[in-house]
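All chains are identified by letter, namely A, B, C and D, in their written order; residue positions are counted from 1 within each chain.
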Amino acid sequence: MSFITDPVAFLANWLQGLLAGWGLSAEWLNFLMLLIGAVVLALLALFWTIFLIWVERKGIGRFQERPGPNRVGPFGLFQPFADMLKIFTKELITPKGVDWVPYNLAPVLIVASTIMIWAVLPFNSTTSGTNISIGILFVVAIGSLGEMGVIFGGWGSNNKYALLGSFRVLAQLISYEVPMVLVLLIPVMLSGSMALNEVVNSQHIWNIVLAPVAGLIYFICLMAENSRAPFDLAEADSEIVAGVNIEYSGLKFGFFYVGDFLHAFTMALLFATVFLGGWRGPYAEQYPILGFVYYFLKTWVVYFVNLWMRFSLPRFRIDQMMAFNWKILTPMALVILMTTALLDKLLPAGQPILRVGGFLVLNVILLVGISLLLSKLLSRRPRPVVAPTPRPVARR
Amino acid sequence: MNSIPMSWYLVFSIGLFCIGLFGVLARKNAVAIIMGLELMLNAVNVNLLAFWSYLYADGMSGLVFVTIVFAVAAAESAVGLALIISAYRRRNTVIAEDMNVLKG
Amino acid sequence: MTPMQIVFLLVASVTLASAVMVVSTRRMFHAALWLILTLLGVAILFALLESRFFTIVQVVVYVGAIAILVLFAVMLTRHVMSEDQPQLNRSWWIASLATIGLFTGMVLVMRTWPIFTTTQRAVGPGGEDLQKLGFAFVDPSGFMIPFEIVSVLLLAALIGAVFIAAERKGGKG
Amino acid sequence: MLNDWLYIGLFLLITLIVPIVAIAIASILAPKKPNHIKTSTYECGLETVGETWVQFKPQYYLYTLVFLIFDVETVFLYPWAVAYNQLSLFGVLEAILFVIILFGGLIYTWRKGALEWQ
């Protein structure tokens, strides 16, 4: 092991040796190493957001045929730092009648619930925060921490619009959690473990190849959990004032956006881990540093697709969004779960080509069949015709 | 390594159960009664997992029982809260003592 | 005092205190928030009991779903009970006597049990074996019937709850 | 392993402490000049009318209900999924029966109209 092939493990080893040299007991050494690992990873995730803000602003600029930030520093790279300085020194207005603890806890929880996901992600074959044996469900559980943040914000601000916005987000989050939890069963089934590193390790064939429909559903659900366009009803500025964050200002308001930006990237990391083989790639096990590179590349592809959709698609209406989840994604997830389980048992083991082919055929049939069936089912209901009411005409 | 005696968990679980029971017996609001029930079910789960962890970790019966308690808790809160909301809509009350349509 | 004991005592006392707040606070929404804290405390105790799966299930099911359901129910039924009037019924002192009696009785009975204070764990450091649990769920000689009955129970609960809650405004009442 | 939970606990503490500290620093740095207009509840420039606690739609409650049941059922399929590779066909069929029962619930809810956003 050298610094070139596996920098993180090398540094960790060196640090451990250094600390052991100071004559610490084994327990304290263990504790300190965990603490250092946690601090480094959490701060890395938090400061990574600064870069992401630049990427998104530049990206949306390019998508809309304008240069984006380009004044502060080369390519506007220092723009987020300027923004940060500004937001740090803005007044934190606390409106009347707020419920103090929930009101102030909400932005903290929103940020924490995003960064917490990084704790279980495997970054290469040797580096991960922790490889806990229930990693996939852990991610789902952390999602419910974010839901708490949304409720606290809505309740605490003592504002009708904030409350309404928080209920809308909440309904969206919990609805899209159902198909997400259902399709996540498929990677668990295929790898026989819930630990994210095992899920990555077992993907000799990427899960997206074996279960493309599940991957699609998972991607859509992740986008909805992020509650950004096209699922950004909560902040639909034309419908409700601004969602949960309406009564927040200064840094507290900023944290809602930090959570938002970071969640988009974390979502890409998760998707790359579960369906795109994570750090896997040629020579990734011999040279763990390559794992970082592969993981990073895959994540950026997913992240770019996510941004692309965000910048190009129009917003859903809330009834469309709910119907899309409960009447298309959930039945589809249930069917894909049952058929995948059955097919994998019926196909002979040890023949990867047959397996891939079988899964592919199954997925195509399901996708076509279900979409035909559902389009028939959904279109049969006549659209409600709103009778044109005579409008009052202003008279002189 | 592990130095916590089983008694601590069991006393904790009895305490949680009794607090929940007090909530069920003494609160007026029906939603608060449901919350008390949730506390009691949680106490039961702590108890079951403590016994599983200290005494019978080889068998799966403890874990299966915890699973069933979770399912029952979900079913109970779903139906219970739906009933409360239904009663609230019809009679505009959530006070358990006032829900006495069946009283002779 | 080992670190584990300190962690346990801290978590247990916070959990019990917030449970007391659940049953005693006047504002229903705050009671629900204290309930969430209690549930999280219980989840940490599950983790101390080496059951990882149920720690996460506690967070996903209780905090992520049941607590939100309770919060929604609190929202839906607000304004019915003003928060100044007493939240406890007339016989609350009987209830408190009964629960204190139950608590002392249970503790006294449990103390006569020889393995009450054992510190010997039966579970290994790896926590529960999820594979075995999954196997037991579908094993005909294991827990196949309870597993299916759970699903039927949940189906019944779903149908019942939706039937009760989804009634139209135009209907009776 | 204790290490996993210890790490996650530490991580959680840090992710909670860092934003709290940041907000604390910002509240020291930032100017504090509250006045009546500034601290009033925001509502399109008008004075707020009525209480914040508008009665909200029971629709939210119905979605949560369905979500709760689905969530519980799905979570208990996870141990089965972990054991999937060692299971016989019979074990898989049983889980499929479990999922079909769940599907029945979805269809009932759908037919009942509880999934419509009104």
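The working rule: a contact is a pair of C-beta atoms (placed from the backbone, for glycine too) under 8 Å apart; a residue touches a chain by one contact, two chains touch by 3 or more.
Quick caveat, the model's predicted, so the values are computed rather than measured.
Ranked by how close its C-alpha mean sits to the mean of all protein C-alpha atoms, the top chain is D. Chain pairs A-D and B-D differ in how many C-beta pairs are in contact, and the one with more is A-D. Separating the CA-averaged centres of chain A and chain D is a span of 14 Å. Annotation: 21 Å between the Cα-based centres of chain B and chain D. Chain C and chain D have centres, each the mean of its CA atoms, that are 17 Å apart. The centroid of the Cα atoms in chain A and the matching centroid in chain B are 33 Å apart.
Chain B has residues 67, 70-71, 74-75, 77-78, 81-82, 85 in contact with two or more other chains. The residues of chain D that reach two or more other chains are 4-5, 53, 56, 58, 60-61, 64-69, 71-72, 75-76, 78, 81-84, 87, 95, 102, listed in rising order.
Contact of a single residue of chain C with at least two other chains is seen at positions 52-53, 57, 60-61, 64-66, 68-69, 73, 76, 125-127, 130-133, 137, 147, 150, 154, 157-158, 161-162, 165. All chain pairs in contact, by the document's touch criterion: A-C, A-D, B-C, B-D, C-D. Of all residues in chain A, those touching chain C in their complex are 102, 132-134, 137-138, 140-141, 143-145, 147-148, 151, 155, 170, 174, 177, 192, 194.
The touching residues of chain C, when paired with chain B in their complex, are 2, 4-5, 8, 12, 15-16, 19-20, 22-23, 28, 31-32, 35, 38-39, 42, 45-46, 48-51, 53-54, 57-58, 61-62, 65-66, 69-70, 73-74, 76-77, 80-81, 86-89, 91-92, 94-96, 98-100, 102-103, 106-107, 110, 115-125, 128, 132-133, 136-137, 142-143, 146-147, 150, 153-154, 156-158, 160-162, 164-165, 167, 172-173. Partner chain B is touched in their complex by these residues of chain D: 58, 61, 65, 68-69, 72, 76. Those residues of chain B lying in contact with chain D across their complex are 67, 70-71, 74-75, 77-78, 81-82, 85. Considering their complex, residues 1-2, 4-5, 53, 55-56, 58, 60-62, 64-69, 71-73, 75-76, 78-84, 86-87, 90-91, 94-95, 97-98, 101-102, 104-105, 108-109, 112-114 of chain D touch chain C.
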